[in-house]
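Can you read through this structure? Questions will come right after.
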């Protein structure tokens, strides 16, 4: 029967994204001799770190049963702030001030969604617009730049290396690991899964639901702050709309990683796979000399096929039972 | 054991709610009892009763009065025509989005569909095949554009139906992919309508109404009737309100949802065609972020993201609210940076008020 | 007890023969036979997971059987969709309400088959005329244009039933119809069933409540583990025989008469008021006793439990736990005070269905089961193993998502979750709702056992036999007030019924 | 709702004052492309407002289309509705604005197009155009590239946001002139950088992986050019690579000073804004204004940069 996956088969199908990932890696390796080189792989890892770190935070929000679309303009906000303050008060103050301000925005999200229980899609959509306005008002619409690009230790985060590995890769890897550990082995992680899976039952189990949701938004904001440090340091400057559209790329990566938008299920490590998948598609197609819009078409197909396989494996049949 | 037949019914929480004379749950709970008692008789007035149940129109009225007072140019027939024409773009898509969202789905790909349809509408006119058709060359172009929209909607709907993947994800992918198709088709260039008759259409007026506004209002009426009076429309509520019940009742949920996706595809395309008549051209970046504004308008109009609830009258209110806010802020020269803040804040504020006043009874549990 | 109706020697309205249905890894139905005669009430019994629901879904066209035949009025049929089944005159009234809340009653009654005019328009006149006629026949107080969301649960149930009457029904299946009905509403429902029966409609009646089955049915068919176990004449059998057929052994349904060894007063409530749910409530519970709260749905019992668990804010009153006056503003505080609540709705309030059995069981204390900052998997598994053995929970592994377990085992997970907290006071709300006889009896035994171990237990129930069986004291509630308190020795059924129906009680309002 | 009202009222108090003006001043409305997307446009806006404030007889209404054609058309309608004396428009799209400009023309409101020109079909309906010539800028860049490479080499190009007029025109001017002037310079690939430095940096990194030899990089503006430079510096391959941009930004100017950046096209948003306002005032004063007023955007290279001030943006 075509629409019934064999009982033994799903093991591989359940890893739809992994399969797709491997298929793409092989295809790109065959199509371009530049693809599977240490330089290129490192370069892609480094490029994906910014989106990746944000996606880690959003994954936790989504597992908790909510969405965060405001991360795009929040990234613009944080980057403009940290870059602008760098020359005014020095990086050692600029970074904590930026984190404080970004966490405040996260707290606003957390308050509206966690405490007031407003719909997260609409709230963060509204915040996307509000924060974009705030950035523009703060900077007056001007680009900000760091004048002394060579001399500042701020360069470490985006351009430097730790033990010979580019700092963004190290930071992304470490954060992925830390969040993976938090989500799988620490009480907080368990609570996020519970709240996302069944908020009512969580409350009946004595879990402070509001506080948990609130915290997931703080984590998301924290990740945006880290991403902003890497971005600001990498570019040594910022535009006001630098994060525009990132929210959707981040969400696409989270979805590709198999995290359910309904909450309660998903994994931080699989989000890393989703992030890398998107980054490699982008990189591989340019290496093959394809025009930029091919990556949109390919991403379209990949998102649908990967999520489809995921869903199909869970229900045990390929086609949906909807009549 | 025989059930005692002397037992009287006693169910304070679950008793049939009186349909007409109650204030919305949230108001009953928030207001002091005396105030609530005083307000309640006002509900005898059908207009007030209607407004209480359609709070977005209260907001529309407030915005209307506010701008009429503070701006010299707002209260003018000509400006109202402008507002209607300006809202028609978002408004037409919002009609389709209401159907899709009442169904419990969502469509994020409408902005890209709009751009592709506009590109077709403008480009096909200049195909050599139709060179001798004169002004009639517009007809096949528009038809083809609308078909493209319907086709893309059908594709989205079909994927949602057959794969069972959430519509949010399917259309998020389509949003990227269809934009890719736009760039493939246009080769990054804008298309320009050679025939001025095409762009003259947008300047056409029928009586006091610009043609574009008229089309928008007629479509609004048509979709309102579709949703409230036809079997398909009622099934839309059934599928969104309780999908399992709809399946059990023998409604073919898959094809049903696909039809609604085709309808929104049609409206996105129509919106693209009308927009391109206003420009006499089509640009590849047309319609970026429109999906977000459309969803905002529909949600402001009271449609629930979870499905099963919402109507066209509310959506019209939501669309007009955004249109008037934008128009009024333009007329008052509000700096662009503040417009973002105001629109975002209003969206959240309306959501908050809606939650306070229209929340369903949860029995006061602290959850 | 209903009069014996002579079974007409006609063709059965419906006959299922050798129905087989398999799911990946499970044989849900294994050659099941079942028949309903016109004008007969045929009860279908079995423990949860015995295959009743699957059988009914096959009957209603929602599942396709892998083998066997369905014969309706002498003709073999295949039903690919629910609509086809409905056209054949088979109507299923669902256990969980299958209504669209935002639509009118009339639209719900004719859902999927709204009468049409030209251009696909709904023919409202015909719709309302037809639905009003049906609602009138059901003696409903509302009309077709009422919005379903505004109707009471009982009236919503009526809408469900009205659906069955839109077609010329040959067979109507009632799946646990009384789960959410008050006794008064049950009476109306039974009248309707008898009406249908008199009109020659075949009725399939599924329920866990023996009293209803013996009141209504003519024959009883029992399923166990997806297999047909036999059909009995109701008049010629008794509860014992049926139970034995269902669970393969007989049950001791008598009350445990060991006298309670009472300890100190653990929980004391005085003048607690939380309008409009309950007013001036006062009672106390001692260690080692089970106090039953009995009353109608909505009488305020659940609200009291919620208030004690910090889920409701009260206007006035006093709560004392172990002699100390306390305020409880959140479940966290309640838990810290040693109060546990097994909520009435297992799936919505009790469990996170996609989480594993172990994770569900340790959820309230996961922050305490740590080694350093990490959850200690060993400690969790130890707790899980302990309560799995103690409560005889049947699950292959702690990794199993709790959603795949049977209702009884799910309920035991919830109970285990709260027992593992070592509470002073254990509140159990409707502990056996929707649970089969076998598990029910085990849970009753468990509650008695807990009391014997010195727990203070509060049991809230709408089932009189349950309350009578497990309680040392019974608190009767009516309309948000406690009307009477009985000790186990003095209570009589009549007195209890009176106490919960407000007879002889003066209500100040 | 009252909170919102108060917020709006507070915002409007100041604005109402700004619009209340005496009858004999001229009212000019401007709708810009996308303020805030880069410093050029923001500086333009500030310079424009400053210039208008300096002139007591001018009253301006400043709007921003946020890069959305449809919103710009609405804003044109709103400005016509207010019966302003003249409209200055910075088209989001040169072709899509034609009917809107035509409408204004019909209403007798003169339209001045600024910065990037409107499509040919619209030229009949505008009073004047004032701004840089983007095609010419592309040509200048091609000439500089050719000169720097001595007529032969392999280059890559990073363009602005795909589908927008400025990006398209600069690319067009560059491609045509390069092919004509030095056919031996090979363009390896063209990818967009979306006017975004980080994205340009990412694109350049991929180019560097893909091509062993890159002699030159042309970027649609200096902001992206500096991104490309950053990528090359990080890869240790900037040595001997020629970076040429357009719209000289301060970061580009500094890089040029350090000798890392070869050249760009100098374009001052202040000049741009002031020219637009002046053109509008000239038109209103009834002067005979030429239709196309291109202001000069000279080449700026390491050699002649001393002649230019450091850009303020």
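So that you can tell them apart, the chains are marked A, B, C and D in the order they are listed, and the count of residues begins at 1 in each.
Assume contacts are C-beta pairs under 8 Å (C-beta built on N, C-alpha and C of every residue); 3 or more make two chains touch, one makes a residue touch a chain.
Since this is a predicted model, take the numbers as computed values, not measurements.
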Neighbouring chains common to subunit A and subunit B, by label: C, D
Once you count every C-beta pair in contact for both, which comes out on top, B-D or A-D? B-D
Please work out the Cα centroid separation of subunit B and subunit D, and write it as a whole number of Å. 35
If you average the CA atoms of subunit A and of subunit D, how far apart do the two points sit, in angstrom? 32
Approximate Å spacing (C-alpha centroids) for the pair subunit B, subunit C: 41
When centres are defined as mean Cα positions, the distance from subunit A to subunit C in whole Å is 44
Considering subunit C alone, which of its residues make contact with at least two other chains? 81, 311, 330
Got the subunit A residues that touch at least 2 other chains? 136, 141, 200, 203, 291, 293, 323
Multi-chain contact sites of subunit B, meaning residues that touch two or more partners: 183, 247, 336-338, 342, 345, 366-367
Between which chains is there touch? A-B, A-C, A-D, B-C, B-D
For a test of understanding, state which residues of subunit B touch subunit C in their complex under the given definition. 1-17, 19, 229-232, 234-235, 237-238, 241-242, 244-251, 308-309, 363-367
Name, in rising order, each residue of subunit B that touches subunit D in their complex. 58-59, 62, 66, 70, 72-73, 76, 78-79, 82, 85-86, 89, 183, 186, 188-192, 199, 202-203, 275, 277-286, 288-289, 326-327, 330-338, 342, 345-346, 349, 353
Show me the residue ranges of subunit A that touch subunit D in the complex, using the header's touch definition. 32, 34, 37, 39-40, 43, 46-47, 50, 136, 140-143, 145, 147, 159, 231, 234-237, 239-242, 283, 286-287, 289, 291-293
For subunit C, which residues count as touching subunit A in their complex? 24-25, 81, 309, 311, 330-332, 334-335, 341, 343, 348-355, 359, 363-364, 366-367, 370, 373-375, 417
Subunit D to subunit A touching residues, read off their complex: 35-39, 41-43, 45-46, 162, 189, 191-192, 195-198, 201-203, 205-210, 223, 226-227, 230, 234, 249-251, 254, 313
